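Next come two complexes built around subunit A: one with subunit B, the other with subunit C.
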Partner chain A sequence: MTRRRWWLLTLAVVCAGWALGGEWVSIHRGVPENHLLDLLGGLAFLAGGIIILDRRPGNAIGPLMIAYGIIWYFGNWGNLNVPVLPLLGTSLGQWAGTPILAQIALSYPTGRLRTRFDRAVTGLLYAGAIAINVAILLVFDPRSSGCRACAWEPAPFPSRSAFLVATSAYQHAGAVLAVFFFAAVWLHWRNATPAERRDLAPLWVAVCVIAIIYLLGAFASPFPLAGPFAYLMWELQTLFQIALPVIFVWGLLSARLARSAVGDLMVELDQPLPPGELQSSLSRTLRDPSLELLYALDERDRWVNARGQHRSLPPPGQGNQARTVTLVERDGQPLAALIHDPALDPGLVRAAAAAAGIAIENERLHAEVQAQLEEVRASRQRIVAAGDRERRRVERNLHDGAQQRLATLALSLAMLRDHDGTDPATADALAQALAELRQAIDELRELARGIHPAILTEEGLPAAVESLADRSPLPVRIAADFDTRLPEPTETAAYFVVSEALANVAKYAHASRAQVELSRCNGTLRVEVVDDGVGGADPARGSGLRGLADRVSAMRGSFAVETPPGGGTRVLAEIPCDA
Partner chain B sequence: MPCRVLIVDDHPGFRAQARALLAAAGYEVVGEAADGESGVRVARDLSPDVVLLDVQLPDISGFEVVRQVHSEPSPPAIVLISSRDAADYGGRIRRCGARGFISKADLSASALTAVLGTGCPR
Partner chain C sequence: MPDRPPPGAPPAAIRVVLADDSVLFREGLARVLAERGFLIVGQAGDAETLHVVVGQADPDVVVTDIRMPPTNTNDGLLAAQRIRDERPGTGVLVLSQYVETRQAIKLLQHAPQRVGYLLKDRVSDIAEFADTLRRIARGGSAIDPDVVAQLLRRRGEDNALTGLTGRERDILALIAEGRSNHAICERLHLSPKTVETHVGSILAKLGLLPAADDHRRVLAVLMYIRNA
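Now for the complex of A and B:
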């Protein structure tokens, strides 16, 4: 046994002696109360305080509970006709407990009074207790209260009326301070983070119990022997006070219980977890639903989540937005970061992180691969976007350059042809040249449209698809459940899906008609092209369909070509609208 | 009295050819503009009977010019022109309120008459 434990054992023995001695005095003096309840009331605080001293060394709640337990028995020891003791019994024994209890509640669970308001409320309660104690020492004469046998030393200014005024004033001031006390508890709750609120739950139970005790106290006389009702109230108060140390000890040790959850975590991690599940496991173990697990990439200061998406470490924050970052390291290199509620016990967080060590390393590798995949996907998307930009530029250049010049040339030729002075042979030649030129202009226009359709930029997808249908050699029915604009990459990808599919229908399907359906659902554009032809299209063989599949998958969409049992071909693409 | 025409197009070569072609056919070309903003201004100042308006202009689109010119009292008839096909603009040409559309390569007095009908619009 350690020295500290010996010390605690000695303290426990002394406390037990103090409690049993006090109770023995009460029994010996024939004090009419339930001695078992009275003994348990004080002992519960003493035992609870010693347990907290042992399990939570450095937390002021332990010594405070012991102080409360010791003061509890001053009243009992006061029944001995030994100088000073009776007076201390009446003063300390009866009035010193309240501020201690308030300090325990307001400093729960850390043992520290954190805000100025907490310190002010506690300070005022102590000041009130000191004032009433001084008043008792100055004016209280037990003989004036009917205790003729009490051979106590007389107060310097014995006055029953002064004593009653002092106690009444204290009770009124106490009622005001009680309001401040409840306000302080409520402020704790309002400013608490989710994990802190979980820790504060026992405090609420305790505060309810304290409220009941003091409500009972309001009905009780300062002299429990005054009558049966006052006596009943007195005993009920004792009964509820036994509950308080139990609640505080249970609350403070629940973090200790959480440590056993680390054991459960180790058992859970014995089986391989699905990717991304580790964060949930740690969140459950540490009972912090807001917990986030990020993994360090090889590059400095780059963090990703389990899905490989880049994230940054949060700033510390304030109030219930506050976050704490606990780094998990290997050989001095950061491996992962746990972002959690600052109220969590740092030792517990490190224990959980250590238990999850191998799993964290595995998941980090997985996250790294995911991050690389994510980068490949993003670069594919950028390549497609760059290609589309280039297509638009070429189409625009054709429109602004060659097409304009050829159109102007066509006007010149037409003017020359129609000029009065032109001889018929030249006019014929010019007419032929003009026809050729118009043919070239039409072909160039078709080429430009194939590179990038201006109507898509001008009018959007449904109109562009209608224009495709108009130029198709077979009847095409269009159904679109929207007429709004979509993001440009989505419109472009969808347009080329329909364009290629309809071109294939015209070339290979021997179909009599086709149907295009465009629909939006949950952020996805669904493009379906169906024909009644011979079927047999295979994306693996045709470079056009293969290219479409690549384009759609670069946008994280899906692309499929099916030949339904009844014949025909169905091309289906689902393209995210937020791409 | 000849029909008074304003040509709005950013391509000077095309404007010169169009001016010559329309003048030869008996139209009076009262002005030219190289972009949308000045097209709107000149249309307001000169009050032409017809505006020959390119859809693709360097500043604002021809459709926007149509909207602004039509907001003036007694606006001229507007005929849109482009080196693209009418189909490339979908239903916008029909919806914008222009009198019609002529592909640039097909511009001629007869094409203009076909769009405007016989006689000057005002």
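Now for the complex of A and C:
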């Protein structure tokens, strides 16, 4: 046994002696009360205080509970007819317990009074207790309360009326302070983070018990002579007193249970976790639902979550927004960061992080790959967007440049041909040139339309798809459940899906009709092109369908070509609308 | 009555406003039309100027390109619709590098008169283009043959259109392009009586009521072909 343990054992023996001695005095003096209950009421606090001293060294709640337990027996010892003790029994035994109980409640679970308000409330309660004790020492005359045989020196200024005034003033002040006390408890709850609230839950039970104790106290008397009701109230009050230290000890030790959860975590991590599960495992272990696990990329200060999405470390924050960052390092390099509630025990967090060490390293690698994949996806999307921008630019240049010039040239040639001075041979040649030119204009127009259709920019997807249907050699039915504009990349991708699909239908499907369906649902555009042809289209072979699949998947969409059993071909693309 | 030309004098020249962002094309078209006896009363390079110029010059017909500044998308089309709303007596001919059925129908939908929708390079068929402009000024309409051909090609397979004879289909296309019976006679070298008979037969086969005027007939036929 360590020295500490010896010390605690000694303390326990002394306390037990104090308690049993006090109770023996009461029995010996024939005080008519339930001795067992009285003994247990104090012992519960003494035992609880010693357990907390042992398990939570440094927490003030342990010594406070022992102090409460010791004061409990002052009244008993006061029955001993020796100087001073009876007086102390009457004053301390009756009035000193309340501020200690309040300090325990307000400093729960850390043992420290954290806010100025808590300190003020506790301070005032102590001040009130000191004041009433001093008043009693000065004015209390035991004979006035009927104790003729009491062997103590009368107070310097014995006065029954002054005593009554002092106790009445103390009770009124006590009622006000009780309100402050409950306000302080409520403020604790309001300002607590979720994990802190979890720790504060036992306090609520304790506060209810304290309230019941004081309510019962108004009717209770430890002496059976006061009547069966008052005596019963006292018995009940004492039972609740016994419950109080049990609640505090259980609450304070439940963090101990969390420590053993680290062991469970190690067992859990023995099996490989699916990616992203580690965060919820740690969150469960540390009982902090807000816990976040980020991984460090090789670059300085870049963090990603398990899915590879970039995140940044949070600022410290205030009140119940407060966050604490615990870094997990290897060879001095940050590996991961646990972002958690500041109320968590730092040792416990480090223990959990150490237990999850290998799993963290594995998941970091996975997250890194995800982050790279994410970057590749983004760059693919940018490449497609850049290509589309370039297509639009080329089409605009053709329209404003070559097509415009050719139209003007056709007009000039026509003027020359129709001119009166033009001889017939030249007019013929001009007419031929004009015909060639018109052919060129037509071809250029089809080329420009294929590069980027003007109607898509001008009037949106349904109009552009209608235009495709208008030019298709077979009947095409269109069903669109919207007529609004969508983001440009979505419109462009969907347009080329329909365009390529209809071109394939016309070229290879031997179909008699086709149907295009455009529908929007939950931020996704669904494009479906169905025909009644021979089927057999394979996106792996045709470069057109392959290109469409690439384009749609670059936008995080899906693309599929199916040949249903009944024949025909179904091209289905789902393209996100927010890309 | 100072505005009315004296009896026997040639009819007053048709007043035209031209809008296109290419000065070269605009000037060329202005010269061609002036030679054909049109009076060019104003020119504009963008949709807003067009609106101002039309207000000042009070033209019979406006010829405008679809794609113009400020947005370089369909400003010309919007300007044309605005002119038609504000000045029902002014004809509008919209030119475009591309023709779309949807736009054609949109233009005709509310009032199928004094309106035209043509591919831009149709202007190089000067005589035909001048005819079209006069037709619009008189209250007629003009739809690009490409639009009509596109529709007929697509709808040709599986409806009442298959019941038409070859000649009837030719005439149907010309009706859809906005031509009057008289113009159809000239074009196909047929007598007015024959054309009238064909037209009656076509409308009956398609289940369309004989329209009170040629203008409404265009829209009815276009819509029929499109929705068949």
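Remarks
Note that in this section the second predicted complex is superposed on the first by the 549 of 579 C-alpha atoms of A that agree within 3 Å, B and C clash if a C-alpha of one lies under 4 Å from a C-alpha of the other, contacts with A are read in each partner's own complex, and residues count from 1 in each chain.
As a convention for this text, a residue touches a chain if its C-beta (ideal position, glycine included) is under 8 Å from a C-beta of that chain, and two chains touch if they have at least 3 such contacts.
Values in this document were obtained by computation on a predicted structure and should not be read as measured data.
After alignment on the shared subunit A, the placement of subunit B and subunit C results in a clash.
Residue contacts after overlaying the shared chain place A:445 against subunit B and subunit C alike. In the superposed model, C is the one of subunit B and subunit C that contacts more residues of subunit A. Touch criterion met: A:463 reaches subunit B and subunit C at once. When both complexes are overlaid on chain A, the residue A:473 reaches subunit C alone and has no touch with subunit B. Contact with neither subunit B nor subunit C is seen for A:340 once the two complexes are overlaid on the shared chain.
Contacts of A:287 after superposition: neither subunit B nor subunit C is touched. Annotation: subunit A residues 399-400, 403-408, 410-412, 414-415, 418, 437-438, 441, 445, 448-449, 453-455, 458-459, 463, 466-467, 470-471 touch subunit B in one complex and subunit C in the other. Remark: subunit A residues 399-400, 403-408, 410-412, 414-415, 418, 437-438, 441, 445, 448-449, 453-455, 458-459, 463-464, 466-467, 470-471 touch subunit B in the complex. By the touch rule above, subunit A contacts subunit C in their complex via residues 396, 399-400, 403-408, 410-415, 418, 434, 437-438, 441, 445, 448-449, 453-455, 457-459, 463, 466-467, 469-476, 512. By the touch criterion stated above, subunit C contacts subunit A in their complex at residues 21-22, 24-25, 28-29, 31-32, 35, 67, 72-74, 97-98, 100-103, 120-121, 123-127, 150-151, 153-155, 157-158.
Residue ranges on subunit B touching subunit A, taken from their complex, read 11, 13-14, 17-18, 20-21, 24, 56, 83-85, 87-92, 103-108.
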